[in-house]
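Shared between the two complexes below is chain A, which has chain B as its partner in the first and chain C in the second.
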Partner chain A sequence: MHYRRSMIVGVAAAAALTLSACAPQAPEESGGGSAEAGDATLTIATTTDVVNYNPLIGNSRSDYWITNLMYPHLLSIANDGSKEPQLAEEWGYVDETTGYYEIRDDMTWSDGEKLDAEDVAYTMNAVKKDAPSGTFYGQLANFESAEAVSDTRVEITLTQPDSSIVEEIGFWGNVVPQHVFEPAGSTAEFANDGSDGGWVSAGPYLLTDVQVGQSYTMERVEDYPLVEGGTPIAAKVVYRVFPDVNTEILALQSGEVDVIANALPPAQVEQLRNTDGIEIAEVTGLGYAHMVYNMQNPDLAKVEVRKALAHAADYQAIRDVVLQGQADSTGSSPLMPVLSTYYDDSIEEYEFDTDLSRSLMEDAGYTADAAGMFPVSFRLIYSLQDSVTSQWAQLVKESSAEAGITIELQGTERNTYLAMTNEGDYDIYAGNFAIMDDPVTNFTLSYLPGGAINYTYVDDPELNALIEEASAASDVDEKVEIMQEAAAIVHEQVYDNIMYTQNLYMAYSSDWDGFVSKPSELLSIVNPVSVASAFPVSE
Partner chain B sequence: MSIALFVLRRLGRGILTIWFAVTVTFLLLRLLPGDPALAVASPNMTEEARATLLQQYGLDQPLLTQYVLYLGRLFQGDLGTSFTQSIPVLDVLMERLPWTLLLTATALVLTVVIGIPLGVLAASHKGAFLDRFVQIVGVTGQSLFVPSVGIVLLLVFGLNLGWFPIGGAYTDGVYGGEWYVSVLTHLVLPALSLTLIQLGSYVLTMRATLIDALGDDYVTLAKANGLSPRRILWKHALRNALLPATTLIGLQLGFLVGGAVLTETVFAYPGIGRGIYEAVTQLDFPVLQGAFLLLAVTVVAANTLTDITYGFLDPRVKTS
Partner chain C sequence: MTTPLPESALVDSTPEPSAIGATRASRATWRAFRRMPLGMISLGILVALVLVSVLAPVLAPYPAGYGMDVLRPPSAAHVFGTDALGRDVYGEVVWGTQQSVLVAVAASAIAIAFGTVVAVVGAYVPKLDALISVVVDLTLSLPVLPLMILIAALVGPSTSTIILVVAAFSWPEVTRLVRSQALAVVKLPYVDAARLMTRNHAWIVGRHVVPAVTPVIVVSVVVTASRAVLSAAGLAFLGLGDPTTWSWGRILYEAQQSGAMVSAWWLTLFPSLAILALVLSATLLSIAYNDARNPRNHAR
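Moving on to the complex of A and B:
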């Protein structure tokens, strides 16, 4: 018996020692913050862990939100899609194949190194050379090289005239510290996981602690000239991971988190709007949801069939029922109203008219059977992870059946959906894009032959010529005119069926205020300036 | 059959099972529709960039070559590097494994500690109200869906009553003893959730085997010898009824690990189950392979241990 007791005590002692080793140690106290800034912690909920800390590779939203607080962009974006200064104060073109950025001279990395034009040029050249898998590389098709011609001026050389590239690179690309990234080798392979002495930041916050699956703690960088007062207000920002949106909302309601970074599901917006202690911020959407008809299918190659399908969907009902009124019509045009410079209100939404659809099908040479159904059947693919599209796909199927057109729904897991999309394995593609900020870039990718997102497989010489003309046009009015002409062709030929722009709603605690909203879910109220400007109401 | 041979055979079977699990996992992942290069890259990636990515991952090699290389590295203890995080898979898994072990072990212990008395209670009151009540609770428990149970527990005990935190495994920014307390309070709801869905099968099995045992001749003999019903139940019948329950513990471990994927997702618990969920969405083959291997080893080890224990407890097993 004595032996057994000794064993139990021994095991308990060993367990206690092991657990002691597990417990985190309290950090040493550091010096106080600035007089203007408070000592509050802003806790933000996100649904995914950081996948990659290298902003040139990063692909998940959490990657973007967290690395954005450390690695600045040259340009930001306004609600109408126009670009605004961030690190760059001026930008434009020297000639048709040379662009430039004039950057601020008061930015430093958190390790004391100056952030200058060399960092900007290095970042662009390294991305072009190493081809990392992020969005940035995709913007560099017509980019040849970048050169720092002074401490504050970067000039880029293009392979051909491209009137969008300066703004697109400036908006999509983060600038990384050359003195950290260059010694690490290829930017496509550098994990930047802080294992070699932590991170370096030129944003408002610096990542200091990572608890995988649980939280990401960032501490204030005292000198951040992009925010009023020059210092971020919250001393710490903690991103907490809640994979389930329902749990995330409960955490906001209970006060465990202050902000939810991802947009709320439409069904949750009204309920939370009426919940005490919670505020809802409306954020402009800069993307759209659409259906694309695969013209490799002989039936869908006929414009009458595409039009028949376009008139067989009740867009207003979709926006009212599925999106609960939280979406706007784009007039079935890829030039959304939010892009006010480009928007053409003479293009009108496809009217929901099943009689017109039937008539168009007959014009295309099809005869309905006794049950009123035409001898066609189309397979519509969508991602099951996208709950909104999953719902409206069902409505489209039902309304198309009223027009005598059979649609088979094929909802799949996201990776399968991506693979099927990539292989053109669909008749109708249903999906959405988060940000379509630049119409010329959007049209180039969507409607030129070989374009990365040309899901229609369209190759229309007239449209191609207009897009190429717009790409080379340096005058904004001229570019707008060309793009409106191109959009009219897309609408008339139903090369794309743009259904709505979804407005986004973000939830935060009424204990906080001062957020600065930017369009799109990627920026919303968790963009660097917004996070740095937020303050606790009680203070 | 000698004990040594019995143990060796069980170990051999375990190793064979692990090899089979490794091979099936390897093949299944590559049969999945979807392109890992697409999962980690932006949709406007060029064909060249995609080819470069596939080359980086070694996915441009023939399947057999990939398999041989993978097994070769595995024998050297190298689980590969995460596609998406560019860090060793072992590091990815080891950060998460302790939390899953804590959660599943707690749930397993709770299931056994609550399940045995409930099963005994039901069996000893066979046909009575208590027995029917326990049966209803058992069957209902088996029908529960983990996320639904999780959300209800969070809503009631987390948000409304405020007794427990909403998510995570501990409170950020607390240290020492306070940290342990926070670990315990964060553990309660996910462990309870897992326990509730596992409890049913344990209680019902316990009840059925104990009722069988109570009908055996040795129980009749014990009654005839004047032993008290309590002594017969706890000292004799229960000991024999525990044997099938021992097997169930091993089997349940597999279910617990499966349940952990959903439980950890709902409760934002940073375990390996959530790691699997995330790796699936990102088609991160090396992490998935590593995670499944780790789980296969855990489950096989537990089952082998159960088999061996069973062999010691019931000598008939060794000779069969």
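Moving on to the complex of A and C:
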């Protein structure tokens, strides 16, 4: 049974990606360690097998975790969503429709080939041409082509001004070796399963042995300049596959594994924090959980009904009980507090007030029957693999019933849920996104007509104009102002009901230290720099 | 157990000798059954479970909403502890009994009704028997659990889905058991005699064949019911149960989903004990009944 905390949905969000980091912030400083390359093995627990070894396609969590240790990203991300250097040392715009990256000159592939600007340009052009399903391609809407103008400089040409695209491509896209991927044909179809002589990695680790359903063994790439000292500390990293988070916790307690890659269920955090031999690392959430009302439903097309629903959920109780206080309110705004530049604290959370909901329903022209129920019924979909959402969906159903609104829960297996989501087969959608790092991109995908995650089916001319304006704006202050205006519309019209940003907790053995925490479950403490920096604590 | 058919009104109202014999036999069976402590205890447990399911609203408030005391071990306030949303596990088990008993009763009723009809018709109409045997063998050879999972996943989780899915895969067992008995019965002289009396085959089957196979049906009711509970709990544990109704399987499923299985033993112990109690007592009851029905035990 797969345990997944955040659902990643749709193109952008399916997004959940990866990357590796720089500018480490160790979650914990403790003494007595050997932070030098040794012969230790770091064992990491996961709940899913690798489905795709091609990082340009991406599917399960394990795909991201393992391919990220082999194929670098141009940029990394900080806890506030801002981008940091990784493979690229500098990036920006030459003019409105031309962006650039200056990359490091000291990275090499594990077969000895130099990692240069040609690899970067090849990857971007190939993804644009072959359109592999995944977030990377989703970010390339305004991308025309990339060119390696020198060994260390790549320039990209845009079809129209887009002030987010350089950072978004840099963050979401991996770089793959041209000399391996080009001969294999289309990047959308290349399995990259190592069947023709193994993998080629830019570090910090190289996959060497796969036992499907059991383990994935990776060996150190000796030269990895992104980690202090230039060499990853653990000689081997082994990802072991477990049936669910319960067995992962048991394995950690018995010392079978050193790290659990999946985020802990909220109710387990305190318990494990008090367990000897186990350390807990906090990972900043950079995404949100939300409910979306499908405006194709004639009842939900009325703003009063959407407002009535928004006021019929007790968000504070959900955060306190289901999430055990491990979540922050976003003020029901898509501009989360964690994105401090954009956050607007004048937008306040929808208050839990079932009387208000009732009067809103009456304003919308509905009359409650003798039992106090309005003649509407909405079908709320969620994924059964997402235990947090499954739990709060129950609470939303119960509190809505108090407001006289019937909600019918339809929890389904994840793939069915994703299919229903794509077809718009729901009245209310409940789910979450792991990383919503760039507001302009997120608004484009979420609220423009035809957007990949426009689950509301909203088409509001005023909002559309603001998003397009923000997309072209190059001045940050101007952009922030426009986005706050747009967020106010989303909040006022309830085009989206953002409930919280969840902070995640990861468990690892106290025999190890030196992990570097990055936002989201995808990066957390298993991002490449963190894995390469972890060292065994000597007794 | 006789199916009331309109024709039965035409029959002489004085009891037939076979009916008197049946009454005597059932009394003897009951007397023998009462002497078996395991059987009586099992019966007591089953009756208690049915009572709990009927009296659920009196025994515990419906576990809904949330509580602030999350994952607390059993205490005076919550005798079975609380779950990951702070709900009372005792209440969940009590209300879960209702759903489990409902599934057991409904699924086995459907399976028994359908299975018996198919079996008796097969035995009575030799031309259909070959076909029915093939269908039964085919269905019995299918990998049941994966198919149940597939169907439950495709149709979507709900109590009625669970009942239908479990029933759909339980009837062949009943058919096979009943058919073997019915085949012997239809060749007996009194059935031939009945054929001379009437051409109404439905009456013959209802009045003479079904009563003769009733003891076998009673045993399979109990066995099918307990199997239905196990299957339903299994499906619910895999997340294919009705997520809006409490069942024993759902308690286990939610414990697993919230990652609390490792630390909160009370979440798994109590629903498991309930499942064990029902399945074990159903099995022991059917064994005891079978023994009691054996005339050799009546003499003692």
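The definition used in the following text is that the second predicted complex is superposed on the first by the 502 of 539 C-alpha atoms of A that agree within 3 Å, B and C clash if a C-alpha of one lies under 4 Å from a C-alpha of the other, contacts with A are read in each partner's own complex, and residues count from 1 in each chain.
The criterion applied here is as follows: a residue touches a chain if its C-beta (ideal position, glycine included) is under 8 Å from a C-beta of that chain, and two chains touch if they have at least 3 such contacts.
Just so it is clear, the structure is predicted and the values come from calculations on it, not from any experiment.
Visitor: Identify the partner contact of A:97: answer first if only chain B is touched, second if only chain C is, both if each is, neither if none is.
Guide: Neither partner.
Visitor: Figure out whether A:416 sits in contact with chain B (first) or chain C (second), or with both, or with neither.
Guide: In the superposed model, A:416 contacts both chain B and chain C.
Visitor: Check the residue A:246 against both partner chains and state whether it touches chain B (first), chain C (second), both, or neither.
Guide: Once the two structures are laid over each other on A, A:246 reaches both partners.
Visitor: By residue count, which of the two partners contacts chain A more extensively, chain B or chain C?
Guide: B
Visitor: Check whether A:215 is in contact with chain B, with chain C, with both or with neither, and answer first, second, both or neither.
Guide: After superposition on chain A, A:215 lies in contact with chain B alone.
Visitor: Touching A:445, do we find chain B (first), chain C (second), both, or neither?
Guide: first
Visitor: For A:157 in the superposed arrangement: first (chain B), second (chain C), both or neither?
Guide: neither
Visitor: Counting only touches as set out at the top, which of chain B and chain C does A:133 meet: first, second, both, neither?
Guide: A:133: touches chain B, not chain C.
Visitor: Can A:145 be said to touch chain B (first), chain C (second), both, or neither?
Guide: Neither partner.
Visitor: Following superposition on chain A, which residues of chain A contact chain B and also contact chain C?
Guide: 244, 246, 250, 253, 385, 412-413, 416
Visitor: In the complex formed with chain B, which residues of chain A make contact?
Guide: 19, 22-26, 41, 48-49, 51-52, 54, 59, 131, 133-135, 137-138, 141, 188-191, 193, 195, 211-215, 217, 238, 240-244, 246-247, 250-251, 253-254, 256, 385, 412-416, 418-422, 445, 452-453
Visitor: Along chain B, where are the residues that touch chain A in the complex?
Guide: Per the stated touch rule, the residues are 32-35, 37-46, 48-49, 52-53, 56, 84-87, 92, 95-96, 98-99, 147, 150-151, 154-155, 158-159, 162, 165-170, 172-173, 175-176, 179-180, 265-271, 274-275, 277-278, 281-283.
Visitor: Within their complex, state which residues of chain A touch chain C.
Guide: Per the stated touch rule, the residues are 1, 3, 244-246, 249-250, 253, 264-265, 267-268, 271, 317, 320-322, 324, 384-385, 387, 390-391, 394-395, 397-398, 409-413, 416.
Visitor: Along chain C, where are the residues that touch chain A in the complex?
Guide: Chain C reaches chain A through residues 64-68, 70-71, 84-86, 153, 156-157, 238-239, 243-244, 254, 256-263.
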